[in-house]
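You will see two complexes here that share chain A, one where it goes with chain B and one where it goes with chain C.
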Partner chain A sequence: MLNNLLLSGFGPGLLALLSGVGQPRVATPLTPLTPLSPLSTSPASVDAPTLALHVARVHVGDGTVLTNATVVVRGGKVVSVGENVPPPEGALLVELEGELSPGLIALRDFSTARGENVDSTRNIMPTADLALAFDKRHRDVAALSAEGITSVVLAAPGSELVGGLAAVVDPGSGEVTKRKALLCIGAGTRALSFNRYPTSTAAQYAELDELFGAGESVYGQAKQGGLPLLIDVTDRADVQRAAAFAKRHGLKGALVGAIRWGDVAAAVKDAGLAIVVGPIQIGGFGPAAAEAVRAAQAGVKIGFAADSPDNHPALLRATAAQCVRAGMAPGAAVRALTGDAASIAGVADRTGRVAAGLEADLVLWSGAPTDLTSRILKVWSDGQLVFEAAPNASSQGGQE
Partner chain B sequence: MLACALALSGAALAADPVGVTVTAVSLQDQQEAPAAEEAPLALRAKRVLVAPGKVIEDGVVLVKRGRIVAVGADVAVPEGARVLEGEVVCAGFIDPWSDLGVDAASMGDGRTDAATRVTDALDPWGSAYARREAVAAGVLLTRAQAGTSTELGGIGAVVRNGAEGDDLVLLADANVAAAVGLAARGRAKDPFDRIGEADKLASKLAGGRDYRADWTEYETKLAEWEAAIAAKEKDLDKDFKKAQKARDKDIEDAKKKGEEHKEKEYKEDKRPRAPKYDEEKEVLARVVAGELPLVVRCEGSAELRALLAGTAEFPRLRMWIVGGTGAELVAQDLATRHIAVVVQPTPFSELDGERPEGHDLGLAARLAARGVDVLLGSGGPSRDLPLMAALAVGHGFDAQVAFHALTVGAARALDVAGEVGTVEVGKRAELLLLDGDPLTSAGRVRAAISAGRVVHETTSR
Partner chain C sequence: MIFTLPIMSQFVAALAIAALASPLPAEGAAPGADGTSWTVHAKAVYTSTGQVLENAAVVVQDGKIRAITPGIVAPRGALEVEAVTAGFVEAGSRIHDGFFSVEQSTEVQPQRAIADSLDPFDVRWKRLADSGVTTAYVAPLERNVIGGQGLAVKTAGEPTVAARTVPGRGYVTGVIGSLPSSGNSPAFGRPTSFYNRRPTTRMGVEWEWRKAFFDAVAAKRIPEREFDGAAQLRQVLAGELGLYITAWATQDIRTAIFLKEELAREGFGTVQLVIEAAAEAWKEPKLLVRSGAAVILPPFPDQGRTQDQSFMPLDAAKQVADLGVPFALSAQDARDPGARMAAQAGFAMRGGLTREQALVAVTLTPARILGIDARVGSIEVGKDADLVLWNGAPFEATSGIVGVLVGGALVKDPRP
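Coming up: the complex of A and B.
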């Protein structure tokens, strides 16, 4: 009753947050703190009430874990994060059971836009804007949110030499976070076709060298560091060629699409490129996870892709979990899912970590984020609850 | 050649300084001899998961000649035993829906029938790499099946993924497989055809039932006939001379009349005729009688409903469903009739065209919540069933139920629960030594024991 009364005056943001807390855990939010006080003392915060989320473990997104932590959220953003700190005066304390992480970032995805930017005739589309393909009403969006994915890089599939400009979109809010975030380049065998120029690897690189050598429009931006590349590669030779090509033109960005990263990790690191790993199918597909671990151990920055909706978006965390099984430190895997992914996508100033000033893109897990048996309980995007697991889905009581 | 023989005898000399005249042949014998008398194997772990819900802390599992001979906290390890240590010992996982070990042509064969035996199509070497990966993931046993998308796929077997020779097959006739409503040669069928297949299966089963009834009737009549013949012969014996005289007279009379003599006909002469032998019906009769479980690959709710209706007349039928994407709509019926569903929790892109609605990782949890017995299967391309099970758990399926499904549950469904599925004395040694609890990321397989041998071992990281 009292809750309802209070919530009614708090605006949709808080309502969403609280409604996501679940019945048993609105841990007496009203007793020690007086939630009305910020409203009375600071009229400016009427639309932005302060929430203090208290949780046993917070995966920050940079590889570190805070215990007994409090994350203060206001106006869809994280205001502060601290270990063993009391909630700020006037904040509404919310007790969360489980582990909190930043929202996951899928570094290559075709959700809501399957088949976009596949052009059987045109191979060079430098100005194609993938953001135009995003349909926030598509059913794929809910599936992403349910898997804790709060940022998605909508990219070209690598079947075109220059596939266009990837966009970072937020499936939860339905907004385009960053337009023209990465320039998609097809530098692997996927971009070759027997009846469309270029038909050989040599011609492919000759064309790329010509485009970036002239350095006009987007190519110039890329060379000046204003536009990172997402380069699709297939095998180890592609990786080496693409790394040399990027180095030659002073390009930054990430490689995606190969499996055997391990042997060529040094060349990738030398070129200052990152690697987008995955999707790694579950079981029986050889060394993919172990190769990703080798690349990470060689010091290459890693992120993950699920290529949904071709795959279930759960494959994003399943890919990370397989890397953990293959020897990647859980902290490194979480970082690759969040903080490092944000920096690869060029949105590290907005999301990817649980840190002051960044968007409150958060996931509440029943256990460790890199353990596949952990359930995703709640997902917030910009402080709004965008997913909540059905309570007690299995009749046999709680898992774990 | 000579060098080779010398090298071999040299090795033999080194191995056995007494056998000075050892030849290459006897060296081989010598190497095989200790295998027969293999040293006992002791698995020591912080937790022995005897069965779902039953744990022994700091336990030892002793294995001799392929069987578990002792389990407990106070088991003495005999001298000379090989000792393996880890965090957890549990039963090897069982995949009731797999494509391992069978040659691809047989698996996709569209002309199998109920009597087709998968044991005739086993090829452990054709998929050796995949089988090794399965073992490394802890999947030690799988159901091998021919004709997986055919109306009747035949008799499936339980095979070991870590064996090639005599130990390959654990149970040669574990089930009979059927499929209802699947696409044939890449072409989807219309709804009437799909539902019609359920009716067709039911009438096939009825054919099996009637066949057995005919045979039972025949055997009863045969016994009656044999008894009657015996009684008549006794009678004839009694008055043999009289009868002989009468017959001689009959022959004489016939001769006089210039007719052919006709032997007297007894009604007992008519032997009951056996029904025509039918191998397929023979097998289906076993299915209807509940001697062999029936495994039906079936996805849509309409087909499932037709299947349930069509099979309701066979009270002894033991049926389970494979696939079951539409099973939620018939969950109550499945729960009441204790029909298990093997769910495939996959994030794969490459489904087999049977599920236009796409992936459903929450299906296992939702069916279990409705009281359905849920088992988990890889469905083919994946070797890592435990990881798929973990994904189901991560989408609401109970972890204990998932562990049960991979061990005892699958063993029961495949009629091998008396042999495998738990870590109990007398069971076959199909065991795993893990680095952590099964299904968690920490639960990597440290060692796998199959048919009593260590078939996989990882060096500690």
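Coming up: the complex of A and C.
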């Protein structure tokens, strides 16, 4: 039977489920499997094995935690989630030790795309498709999976006035989850260069007002609510200007790149924008984490960025952990890493929560996700195991 | 209009205050709930309108001056100081975003506005406010020939550009001198990229100015020659916008005035000219008077020469004052406490100005130049409560600024 499962294409994932943590118990005999039908690409196949993952704690991704929960997975998707419920008939029950969360979402990233995501001669490229810069064979991809990141917003850097259309990609499956997900705008001083128009904030905003005022192509889509913006900003004045700009054109989306969010959170909230926080370097004693907490407390939806590969992707979770250290509720931090991030990226109908109908992008942690002493044990993308911690590593280095 | 109560007994005056000034704070100096209502009492209130009111109370309510009553003892709870002047108006502040404040992709950008290049969180606002400057005019950095339009803003208050803006006369600002050509392209050899810009000389700067205006006029007849900013240049020629030219040295001041005269001679229009940072204005008395220009003087240099090798003696302000030319003093964005606005007024007094002349040159005259004197620039009933509180006679080297109110809010607290 094990061989059948391996052949089925779900093999690595199931093998991982079956090995290491937990002892599998077959609740009821499995239905016969069709060999060579990868579950991740044949959703809800009647032939797909149904797995019931039983775990003590499930971070749903909306700020809530389920205890003694069973997550039923089939065909790369979550079929059902319940507390204190028996596994469905026919499901393979897998006992997991630790805590389960949705896969993390990096709201701005340049992995695999560095050097491929800008055109230094032009800084207004409204139709540039960042998905084309994604290389699923790039070595950066494995590093993302190892940090529990199952979705990445591949974006243009803030150095471009209109950097193009960001894509949400899944480093684990190598698939593009959503193409043309967000329009990248450089509304901060990073977009100003001494040798390329515009060189001033005045011209920068005049140009943006002209583009969105005319409202053609992607700009029109954005104004009609069909395309959120990812707006790079730098300082508080940038945030104010960008929020006012978004408001006067009726644009939605998120601001990214600033540090001092707290003083201007009201303007951001008033404009109906979200904030992408970070990355916050470990060891810094700056105000970044506290500022993010102030923004969150002001009612602004937040998510996080690691900006890898410029930073190690581990910084994504570390950024959230520093916010917890600065006073953010752990549940809010997990939500910012997952559910809220998914809604900012426009993929909340696909991923970001452990919920029926969404992709089985899951992370098994040894403890709480925002506790930096917790380790990532396993990572699944679309139900496929894409990372597994080295065996016995958890017991290395002394007593538990 | 100043509300004054001359020859009135203290008792009657106090009654007048009580009647006029329900705003009078209750006992214990409790300010208004929003912190913009106070009574300030001083041995001398310098109004900037030619009066020094002795033992006067200035009643501030909701950010405005509601009453001024001389000849009374300090009401209970008043902020008591030696002297009060109006908040300074800095017409040549440089608190912009540096290079980001001026678009350099072309040399002529009259349509660009500084508003987007202001950072209300900039720490320099606090420095400026503490030095007594309550309103500042910000023009773009002097790296373009015509850099755009400046803006008068309060130095404190709600940190948004909109909230701090003091609407006034609009100016197209620009520079005549070495700055707009400095750093453009190599003086010899090949340019390193096609982004290397002209002008590279003073002559080129002058040419850009003249060409801009001639082109703007030509575009009226030939619509296909219309360009961004032409409309604003025509507004300048029509007198709807002023022209604010930074020119330090004699030759550049002459060029600015000749430009104005050429535009008039050609029948293009009469430009209302302000020459900013005019260190050597004193060297061209006849021309200056003939031009009708107002002058903003730069900070007095430590030693004789300043930007563009211009020479500015201590009596530079005195000489300009004697010509009857409207002039303002400026400290720009001096870091050195000994070079800020109060010190500039002190230097000008050392050079021969009376205290009253020096005071007006840092308050009412710059406010008039900027077209904001209906709101700021003097201590008059109905104006913004922008006040500077002193522990001695204003501008004396031995006096200090102990308190500052901006829009009635106590930015610097005189109380121990």
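Rule of thumb we're sticking to: the second predicted complex is superposed on the first by the 345 of 400 C-alpha atoms of A that agree within 3 Å, B and C clash if a C-alpha of one lies under 4 Å from a C-alpha of the other, contacts with A are read in each partner's own complex, and residues count from 1 in each chain.
To be clear about the criterion, a residue touches a chain if its C-beta (ideal position, glycine included) is under 8 Å from a C-beta of that chain, and two chains touch if they have at least 3 such contacts.
As the structure is a computational prediction, the values presented were derived from the model and not from experiment.
Aligning the two structures on chain A places chain B and chain C side by side, free of any clash. When the two complexes are overlaid, the chain among chain B and chain C that reaches more residues of chain A is B. In the superposed pair of complexes, A:L192 makes contact with chain C only, with no contact to chain B. Applying the stated contact rule after C-alpha superposition, one finds that A:R241 touches chain C and leaves chain B untouched.
In the superposed model, A:A202 makes contact with chain C only, not with chain B. When both complexes are overlaid on chain A, the residue A:R375 reaches chain B alone and has no touch with chain C.
Once the two complexes are overlaid on the shared chain, A:A390 sits against chain B while remaining clear of chain C.
Of the two partner chains placed around the shared chain by superposition, chain C is the only one that A:D263 touches, whereas chain B remains out of contact. The superposed three-chain arrangement places the nearest Cα atoms of chain B and chain C 11 Å from each other. Shared contact residues on chain A (touching chain B in one structure, chain C in the other): none found.
Here chain A touches chain C in the complex through residues 189, 192, 194-206, 235-237, 240-241, 260, 263, 267, going by the rule given at the top. Across the interface of their complex, chain A is touched by residues 97, 99-105, 109, 111-122, 140, 148, 159-161, 193, 195 of chain C.
Interface of chain B with chain A (complex): residues 130, 133-134, 137, 346-349, 358-359, 361-362, 365-366, 368-371, 378, 381-385, 387-388, 390-391, 393-401, 439-441, 444, 461. Interface residues of chain A facing chain B in the complex, by the touch rule stated above, are 281-284, 307, 309-315, 317-318, 321-322, 324-325, 327, 330, 368, 370-376, 389-390, 392-400.
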